[in-house]
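Take a look at the structure set out below.
Note that the chains take the letters A, B, C, D, E and F in the order they are written out, and that residue 1 is the start of every chain.
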Amino acid sequence: MSETVKKFFYVNRKAPYGTIFAQEALEVVLIGAAFDQDVSLGFLDDGVYQLVKGQDTKDLGVKNFSPTFRALGDYDVTKLFVEKESLDERGLSADDLDEIMYEDEDDDWAEKPSIRIVSRAEMADIMADQDVVLSF
Amino acid sequence: MSTLHTVNKSPFSTQSLLSCLNHAKDGDTILMIEDGVYGAAKGTGLGDALAARGGAVSLCVLASDMEARGLEASRLIDGVTPVDYAGFVEMVVNNDRTQSWL
Amino acid sequence: MKIGVVVSAGPYTHESSDTAYNFVKAAIAAGHEVPRVFFYHDGVNVGTRLSVPPQDDRNIQVNWSALAKEHGTDLVICIAAAQRRGLLDENEAQRQGKDADNIAEGFRISGLGQLIEMGIQTDRLVTFGE
Amino acid sequence: MSETVKKFFYVNRKAPYGTIFAQEALEVVLIGAAFDQDVSLGFLDDGVYQLVKGQDTKDLGVKNFSPTFRALGDYDVTKLFVEKESLDERGLSADDLDEIMYEDEDDDWAEKPSIRIVSRAEMADIMADQDVVLSF
Amino acid sequence: MSTLHTVNKSPFSTQSLLSCLNHAKDGDTILMIEDGVYGAAKGTGLGDALAARGGAVSLCVLASDMEARGLEASRLIDGVTPVDYAGFVEMVVNNDRTQSWL
Amino acid sequence: MKIGVVVSAGPYTHESSDTAYNFVKAAIAAGHEVPRVFFYHDGVNVGTRLSVPPQDDRNIQVNWSALAKEHGTDLVICIAAAQRRGLLDENEAQRQGKDADNIAEGFRISGLGQLIEMGIQTDRLVTFGE
């Protein structure tokens, strides 16, 4: 691997299942985790729907990939930024989202939430602080 | 003479549901499928526009697409009916034509 | 009742071909006839036999081929749309000087006239697309 | 061919070139014209952009299919309904569209415009009067 | 530190341009390409929203995509600059990152 | 400067692969380096050698293959995305028990790691998609 550590940002703006972009974005995140870069995920616009709890695809006949988000902590992917305005516009709140936790190795492995609700202005600041932006 | 309209896009990312609402006539049915099911959730500005047509136009949503997305029946706009694929087929048969708002 | 179906989005990428498949199964189960499904735009890619989805995922092409076998549904892939996108049967491959073909069992390649004919000969037509 | 004459309606809601739907819709219309059905085309939402005059794809490197609309009269496809509200929202007027004419065989081959600007309510009425609706 | 934003969808069918405008920062550049070029035309409600950011954010449009669609330079919102592909490349190089609003 | 490019929409259906091609040509003409183009989602379909576009249209695959030959650009097709969509090289076809492959000259199939690596090793990354 390379010595450089870059800030990688995954932009998730699409709902799950209607199109494959959310699922294939997650596949990139999982592979990318092995490269020891500084990884963040942004969920805005319809992307916030990816994290809604209670997804059940049994009747639809496609794979439910939402549990994979809960495994991201094991891959040291612990920064999931969710835009508050995007939730509001869709009648959603933080309580409607899956609980996604990670163990903080710098804080005696304390369990902490990976999801951080941020304002639109904060999301814009986060985006403006990245080296590589991958859009889905 | 009536039309079944299907909408398969999120109303928060495209104009399909809005355009469908603008063209549906009294007595028609609108079925929200795939990402279109998000249009059936209450508590949004769009929900009000949809609810306003709820008397004149039948509003339905495909249950398996709701469940996949974690959209519970309790969150639906009043008057929106979840249907299964058998219900979808019935609606196609009982309306004179089907128009997909892609 | 006779119901015609159009699939106009690519497999896996868009949910449309899944929705269409579930719809057709339900229509047949309800006693209706689905004489033909017409694949247009990226929908033609549903008919490739070279796709290998993950083991824990559905196989869209295999599902459609099985449906065609069981119920005699005519699965027609539009030739013009297919040529652009690289979906060929043996005849087309030969005619175009290509060294391989990729169409799956139960699908056939034909012209857009088959779509219009389906519109004329069925009582209802439903489009599933992008 | 069949003896039945059905009303076929082609719904064009997408802009040209960004996606292929407009072009492949036109290919269906051309083939469909041979079947002697009662054909109409509807242009609404971004579909109205398909008829804008002055399209020049030389630098883009893709085929300019807009002249094909002008040939539709030769195939007896003479009813192109364009929604006024869709034009208005896009800052367009009928003057911005290509001139598409046909010769009316029932009126001594008089040249007449194929494009008919209709209101949204009229478009809804036209849609509600069809046997087969093909959406692009 | 600045960002080049590309928008390739019509603002009349999707929310991409709006979302881009909501996240672009002063000093950034927005380049409208493909069906995104329709966002650069004046005389629409959206055009006003775009023009309002015109001072703080550089607004550009890809010329070959304009020409393909018959969008003439005279119809552009004041302050929107047509660029060719060489200009597109320059913008990618001169900004620190590129974000595509798909 | 080194510029990485991602193509994530299918050929002909979306303009993205054309835009990406024009962009890469312009970048190289301006003296920049485009070491790799990564094809993801439906973008993998750009790499099929079985496509036969109309005579009066551009041939997207042939254009990309020629660009790779002339400038040594590494055209990488994502293996996971390609398997779902039926885009295979000879090795993959054998491994999956398929009787044909359809990848075009100048393209190669590899993993998503190549995308991340491209992000690390280039100065800029631009995505063209649906």
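Throughout what follows, a residue touches a chain if its C-beta (ideal position, glycine included) is under 8 Å from a C-beta of that chain, and two chains touch if they have at least 3 such contacts.
Model, not experiment: these values are computed from the prediction.
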item	value
Given chain E and chain F, the chains that contact each of them	A, D
Joint neighbours of chain E and chain A, given as chain labels	B, F
Between D-F and C-D, the pair joined by more C-beta contacts	C-D
Same-residue or different-residue interface between chain C and chain F, half as cut-off	same
Chain at maximum distance from chain B, centres defined as averaged CA atoms	F
Chain D-chain E separation of Cα centroids, rounded to whole Å	29
Euclidean distance of C-alpha centroids - chain A vs chain C, Å	35
Separation of mean Cα positions, chain F and chain C [Å, integer]	26
Multi-partner residues of chain B (each touching 2 or more other chains)	8, 12-13, 15, 34-35, 64-65, 97-98, 100, 102
Touching two or more other chains - residues of chain F	12-13, 15, 22, 41, 54, 57, 80, 125, 127, 129
Residue numbers of chain D (touch at least two other chains)	13, 17-20, 45, 60, 62, 132-133, 135
Pairwise chain contacts under the document criterion	A-B, A-C, A-E, A-F, B-C, B-D, B-E, C-D, C-F, D-E, D-F, E-F
Contact footprint of chain D on chain E as seen in their complex	8-10, 12-13, 34-36, 38, 41-45, 47, 63-65, 67-72, 75
Partner chain B, residues of chain C touching it in the complex	1, 3, 8, 15-16, 19, 22-23, 25-27, 29-30, 32, 124-130
List of chain C residues in touch with chain F within their complex	10-13, 41-42, 45, 48-54, 57, 61, 80, 83-88, 93, 96, 98, 100-102
Chain B partner contacts - residues on chain A that touch it in the complex	13-19, 45-46, 49, 52-60, 62, 64, 66, 89-91
Interfacial residue positions of chain A with respect to chain C in the complex	17-20, 60-63
